[in-house]
Amino acid sequence: MNKPSLLELLAEVQLGTLTPEQASSRLSVLPFEDLDYAKIDHQRALRTGLPEVIYAAGKSAAQTAEIFGRMAATGADVLATRADEATAAAVAAVSPASEYHRQACAITLRQAPTTEPLGHLAVLCAGTSDLHAAEEAAVTAELFGTRVSRIYDVGVSGIHRLFAQRDSLATADVVIVCAGMEGALPSVVGGLVGVPVIAVPTSVGYGASFAGAAALLGMLNSCSPNVCVVNIDNGFGAAYTATLIARAAHK
Amino acid sequence: MNKPSLLELLAEVQLGTLTPEQASSRLSVLPFEDLDYAKIDHQRALRTGLPEVIYAAGKSAAQTAEIFGRMAATGADVLATRADEATAAAVAAVSPASEYHRQACAITLRQAPTTEPLGHLAVLCAGTSDLHAAEEAAVTAELFGTRVSRIYDVGVSGIHRLFAQRDSLATADVVIVCAGMEGALPSVVGGLVGVPVIAVPTSVGYGASFAGAAALLGMLNSCSPNVCVVNIDNGFGAAYTATLIARAAHK
Amino acid sequence: MNKPSLLELLAEVQLGTLTPEQASSRLSVLPFEDLDYAKIDHQRALRTGLPEVIYAAGKSAAQTAEIFGRMAATGADVLATRADEATAAAVAAVSPASEYHRQACAITLRQAPTTEPLGHLAVLCAGTSDLHAAEEAAVTAELFGTRVSRIYDVGVSGIHRLFAQRDSLATADVVIVCAGMEGALPSVVGGLVGVPVIAVPTSVGYGASFAGAAALLGMLNSCSPNVCVVNIDNGFGAAYTATLIARAAHK
Amino acid sequence: MNKPSLLELLAEVQLGTLTPEQASSRLSVLPFEDLDYAKIDHQRALRTGLPEVIYAAGKSAAQTAEIFGRMAATGADVLATRADEATAAAVAAVSPASEYHRQACAITLRQAPTTEPLGHLAVLCAGTSDLHAAEEAAVTAELFGTRVSRIYDVGVSGIHRLFAQRDSLATADVVIVCAGMEGALPSVVGGLVGVPVIAVPTSVGYGASFAGAAALLGMLNSCSPNVCVVNIDNGFGAAYTATLIARAAHK
Amino acid sequence: MNKPSLLELLAEVQLGTLTPEQASSRLSVLPFEDLDYAKIDHQRALRTGLPEVIYAAGKSAAQTAEIFGRMAATGADVLATRADEATAAAVAAVSPASEYHRQACAITLRQAPTTEPLGHLAVLCAGTSDLHAAEEAAVTAELFGTRVSRIYDVGVSGIHRLFAQRDSLATADVVIVCAGMEGALPSVVGGLVGVPVIAVPTSVGYGASFAGAAALLGMLNSCSPNVCVVNIDNGFGAAYTATLIARAAHK
Amino acid sequence: MNKPSLLELLAEVQLGTLTPEQASSRLSVLPFEDLDYAKIDHQRALRTGLPEVIYAAGKSAAQTAEIFGRMAATGADVLATRADEATAAAVAAVSPASEYHRQACAITLRQAPTTEPLGHLAVLCAGTSDLHAAEEAAVTAELFGTRVSRIYDVGVSGIHRLFAQRDSLATADVVIVCAGMEGALPSVVGGLVGVPVIAVPTSVGYGASFAGAAALLGMLNSCSPNVCVVNIDNGFGAAYTATLIARAAHK
Amino acid sequence: MNKPSLLELLAEVQLGTLTPEQASSRLSVLPFEDLDYAKIDHQRALRTGLPEVIYAAGKSAAQTAEIFGRMAATGADVLATRADEATAAAVAAVSPASEYHRQACAITLRQAPTTEPLGHLAVLCAGTSDLHAAEEAAVTAELFGTRVSRIYDVGVSGIHRLFAQRDSLATADVVIVCAGMEGALPSVVGGLVGVPVIAVPTSVGYGASFAGAAALLGMLNSCSPNVCVVNIDNGFGAAYTATLIARAAHK
Amino acid sequence: MNKPSLLELLAEVQLGTLTPEQASSRLSVLPFEDLDYAKIDHQRALRTGLPEVIYAAGKSAAQTAEIFGRMAATGADVLATRADEATAAAVAAVSPASEYHRQACAITLRQAPTTEPLGHLAVLCAGTSDLHAAEEAAVTAELFGTRVSRIYDVGVSGIHRLFAQRDSLATADVVIVCAGMEGALPSVVGGLVGVPVIAVPTSVGYGASFAGAAALLGMLNSCSPNVCVVNIDNGFGAAYTATLIARAAHK
């Protein structure tokens, strides 16, 4: 039941062609949640302003391109994650203004009028192999309208590299830390900052890294209490939550 | 929003003291699901007739006894699972007609008028150590009004014991099979019957049984396509689903 | 020992050419189970009417086609699961009336006279990536003669989509729910319906989904007692058991 | 090197009793980080205002009581988590104004002047067995000065209970969701709100819950992108991060 | 159907009071497997001569004593494994001639006339902590009538201790090797002997031994092809199989 | 130090050109184990008569062919396991009399004079997908001179197929059982025979079979005490041990 | 065969009462390895000077005391690890000069003349809960004659505490780092020093620490190449290896 | 802040253009760690003399070649690990003097003046399949200036092969042992030598080896106290630590 049909029903009550009892009965069995939840969803979209997102993994290049095109037609910003080069080419064919971010494996289309960035996110990664997750986070957050500082290759085995970046860290509203192998960086960062740290374990490593499980476990056991964790390689999810935090701090 | 308040609102529309637009707006923000879902729940209770159940593990004897007493006061049948002897004593103090099933670790109170059992469930177990799960299933199903055939100690290492019970198996509407260690019995039973088999892995075993994980994995990989699985030692859940199946076959 | 040879033996006893002791001795060592179990199997086939099924994974296209052709020659309905396009082509060459269901990766041949569907199964899935399992279940159940309602893309992160389908759910005799990632949908559905829910974890996800293990564990721990579980991606097994349940409810 | 000794060194340079080269050499080998990091730490404490916390698990009642007493002597608020009743008694002996929160297993001492709560946190839990984690989170956040709405026993198998609480949810700056077993609640909640959701898997369950691992995996694989996760039963860590988020939104 | 009733049936056929068709029909539905399998079981008992065994873990002292007493009354040898001292005392009360083997946690009663041992089993263990499994194996095999050489405390970190025992090893028909921690001993022994080696992982160790899982995995991956493996701490099963091997070599 | 050089040394002592002290010193530091262990190895080869074996996995076709050729040149029987077709072709080029067993992925060369088979091994498998392991076992045992009965496709979901083969089983000296998925067949077989059963879990299955781990765990937890286990898909190792058992029974 | 008997044998050859062939034969079958390996062992003991060690876990207090007493009677230093207070009391009764180290759960007896410490070991731990492992390492190394610097409670979430101790670290020949939870400290330390770091994961933590497995995996995946790892809580093993390294650097 | 800017600042203090307070303030906020840690790093490089290392896995051939070329331009020795042949070719194009070690998958460039090797490392492996790890270790250590003895194919199932190499073992300062499958070799070696043993589990094996996890667990549980462990296949890390140990013994 959408708003017009609800109004129509209530108009019938007003006109007396429907008794309150009849209307009550119909309201109880109608799928009114559609109306209700769609509204909630809409309110959320209005409030957070986060564009629609396509998860391209497991979709064909053609499928992703078609979905991307339809979303682009609404005039909104569009983001596709986990997209390879073939998919990027297919998207570019239907949406020439789209941009492919190779390290992030992400395609973006910016159509909404540019506004001042809202909030400041620092994205860190331990090594250059973690860039896929870090860039997915950075590109996502930037499309969502957050200012991003990239602080890369600051792993704990050479920890002075991290300290050299303390100024950028100091002004961030929220920090994302991507690390594979032992996944120790979020704990160290968590001890240096007074804002939430979202840890992204990456699948970087071999042998007993078990495709990121070692890093994931390390981060879940962090001795820094301001660290929370998302799924392995889930830079997108980290950026989504980080954007909510950064915005709230500047709304 | 309950039914009276909904009717009141619609009456206001009828009277003209509320415009359709105003009513639409209020209906969108009210928690009307309470009305709606409560109705659904009630219908379900009426339809399935399954009594309320208390999971006593992790509750003190006093807590379980208090909840049990309140439920008993409604005149309904009551079931408490995972109850030790101390809990049974506490319950007996407030509900003297309750019965403690030692092997099942279950307490039952039968208050509803006895009716003809609806459907036939065969409960099998591989060894005498699996009785805790098998009896939890049997006692639960009996309280729910299902006829139960107990076929115990028919493990696969002496498979002729199982075949001697083929007649009981042949008339069952649904079969529950409890087994620990290698958990092989459900596959063998699944090949002998033409009805659904609900497999209950038990925590019986040692070493590489990993507290029932080996039996669980075995059952999930059953080569008999009519086998589905519940959690380790979850005789209650198996009986709940089996009762739904057995009843449907005789409604 | 088949029936003729058993009768022959007993005739010899009748004629006196074999003493009871001799006959007893021979009956004890003969493989009479073949007679016995073949009968049981036959009865089961007659009772359930479920056609033969080929598991094509790990078989060459030629092997599957040959088996398919032989089964088709008996006049029965035939089903092959986990079949790729090459296999479908090979089967079509020997059995032109066969039909390939791309999303289900299943090949069906319907030869038996069409009858009224027996029972009603609702097949749900959380996301479009779970369609392979959902369609395997739906196609299997339909070939087995069950009416199927497909309710797709109703994952828990946008739960109003599920509620909009409550009417279809309400009339189902049994429900299959396919979900990957966190595997939460069966618990929600289990709380809405009064019939058995068969949960199919899918291998959809990445990182800590561990190829479906996370969804599997979630479903095994469901707080809804009417949920039971099959192996990861095992839409076929779910449909097999669901058909037994749906039929029993309408026999 | 603390500030006085640094000033002393620089004074020597000013006086000419130390050359710049000598001072440079000494500054390079002195443990100057102590100064530096202590400052950072102090700034962080000033900025976040979060009191010191004692993790009582693995400490004797006497040890916890002694540490608690020393902290209390500074006039600050004090929090001890994972404390049993014996520990609470020992603490009460040295700090009579301390309060024991039985369900949270936490001891608090509020000494700082009460201020207006800063930000609004909703703490949800799926079942009453999850209260230990939920209350640890709620008590922690309240001591940290955050307003807390408790929304308990709203598990997904009876999801209308959750919807009835949508108003409380709607105004929260951040949400904590505690759940054991299948851990599905955070995904459902994540789909209903536009703020960050911090998921706390609990060790509630048995068998294939593997002491909370099933819930943990489910939450990490959440299909709602605004969900991040902390360690099993880590209500404290969730509240720490949630407080940082809630404060930032109202500073 | 036991032998007398079968003869009776066949006699009726001989007498003409039962036609072959009638007899055939009755034979097909009777639980004749009981006869058949019981016979097989009996033959096996005759052939292997292995006495009945009670698994005392999870049984009360009284239960074990009662079963033990009944078995003893048949005049056969009796063995109870995994029995603690209380159980041994209870058994001794009903069966004074029984003997308790403390390290093996086994109770034996030897009643059959002593015969010459059949075959030679060498039982090795890596350290003194593995004695529980090694002695369970040794005591079991001795009761089964096998000669046992005990070669204890010959772990791989001091491998010369093993070589000093090469003579005992050289004449064994089969070898059992018990080891915890890294479980390396079976591989070394397997390379020294030309007979089957049955490896028993033990739960000895800590940390990453994961209660014997590390030793189990090591043994399953043995580079010596004459090594096969039983469950963790399963000295009984190893001795059972070893006895079958040793006997066959000397029958 | 080989025997000639040892004799030479002792002769020097006899001649007086070497004092006992000097000889003692040289004997203590010389690698005399080479002599000693080589002798043991030789004795073992003489006693067991098992030919050399090449594990072709991870070797190039050329490498395997070269090793195969060298072994063949000694006149002994040769076996290469885990060999693909390309390797078989390369071996055939250097050793035209070699034979490739496609299902076993094994190459054999029989050069030793044929003798009467020694002992009888029954090799069972649950399904046709397990043939790779079953045939590896069968081909290996046959080359080692053991008589092999193949009993294939007798999985537990249609257990009458197994019983029809009881005669072949009854005369075996040892049994190998290969099964994937739930791995239940060895337990059933173990209950039917009075000889050792060597269980070979196979990697057949999907989802929660975890590449054979489920079958492996099932077999390790077998309730039949005459079952022992080898690594997943290790038909070769099973046949090696089985041959030792079968021979001993007929030596 | 010890040295005197070997000389005796060789003397017989010299005297002509034994031919070289006879001597060769006897040397081949005698357990001469005992001599040989005992020598190696003795040499090793002489070279490393490490006293005998008793692993008291799993031994009764009486057993440990008896072994301790016998070792003490040889005049050597004695060490017992994993000893509780009752064991310490029992040992003190037989060896009054022994000393109990409560945090290390170790008992030491120093009898050898005190010598100058050889080499310098730094033992670090992340938190006070890790002291059991750190002290086991420190006490072991000190008894072995190594100088030990204890640097405790320097976890990565407050990393300036570590930097303040850089001077002690700078002069160590080898470093042991004990940490539970995320186990990140060894990687940070490994990046600061130019000597080997031996990482000891501890069982400190809860939930997803899985009793030290998370820390273990983190350390195995360290991005610092000078880190190697021992078993969970194995402070003794770490100290044993560290002592070998520290000594070699100062021999 | 580098040294010149620090001196400049201190000169300003000397000149009086900056007060000590102003300088203190600036020193507190400047990133002076860069200076400090760079110095530490430099000292470490001077002290250990270990050349820079490129981890080529996950880098394109072009990327590795470019990095390699830049490092070579500094005149230092260069090492790239985990490099395939294509990468080796790309590197050879820019650095013709580089050498590719096929079994080690490593590329080396030796430019520093050759010096006398410092210390002696023995590298052992159990089988020829472990050569990739053993050679990675050997090539790394040789480039680092350590003398390496290769002792290959000495697995525990033919342990006399190991004993024949005891002389080489006896003079090593440190030992690296690479083994897959059951990973038993380090324990045996650890019992034979009086120096540290660094164990490298390899991914060699199948089935229950779980890609090296079985070997890893075995090594972590070694009963030889002088064994420590690195990640699966991490020959490089083992060689790095071994070099530090070997050098210290000969500095």
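Read from first to last, the chains carry the letters A, B, C, D, E, F, G and H; within each, the first residue is number 1.
Following the convention adopted for this analysis, contacts are C-beta pairs under 8 Å (C-beta built on N, C-alpha and C of every residue); 3 or more make two chains touch, one makes a residue touch a chain.
The shown structure was predicted, so the numbers you read here are calculated from the model rather than taken from an experiment.
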item	value
Type of chain D:chain H copy interface by residue overlap (half), same or different	same
Interface with more contacting C-beta pairs, comparing F-G to A-D	A-D
Chain centre separation (chain A, chain E; CA means) in Å	60
Centre distance in Å when chain B and chain D are each reduced to the mean of their C-alpha atoms	39
Junction residues of chain B, two or more chains touched	33, 36, 40, 158-159, 166, 192, 207-209, 213, 216, 220-221, 231
Pairs of chains satisfying the touch condition	A-B, A-C, A-D, A-G, A-H, B-C, B-D, B-E, B-F, C-D, C-E, C-F, D-G, D-H, E-F, E-G, E-H, F-G, F-H, G-H
Residue ranges of chain H touching chain F (in the complex, touch as defined)	129, 158-160, 163-164, 166-167, 204, 206-209
Chain F - residues contacting chain G, complex	3, 6-7, 10-11, 13-14, 16, 19-21, 23-24, 27-28, 32-33, 35-36, 39
Complex interface listing, chain E residues touching chain B	31, 33-34, 36-38, 40-41, 57-58, 201, 203, 211-213, 216, 231-234
Interfacial residue positions of chain H with respect to chain G in the complex	40, 43-44, 47-48, 53, 173, 192-196, 198, 216, 220-221, 225-231, 236-238, 240-241, 244-245, 248-249, 251
In the complex, chain D residues that touch chain C	126-127, 155-159, 180-184, 187-188, 190-192, 205, 207-210, 213-215, 217-224
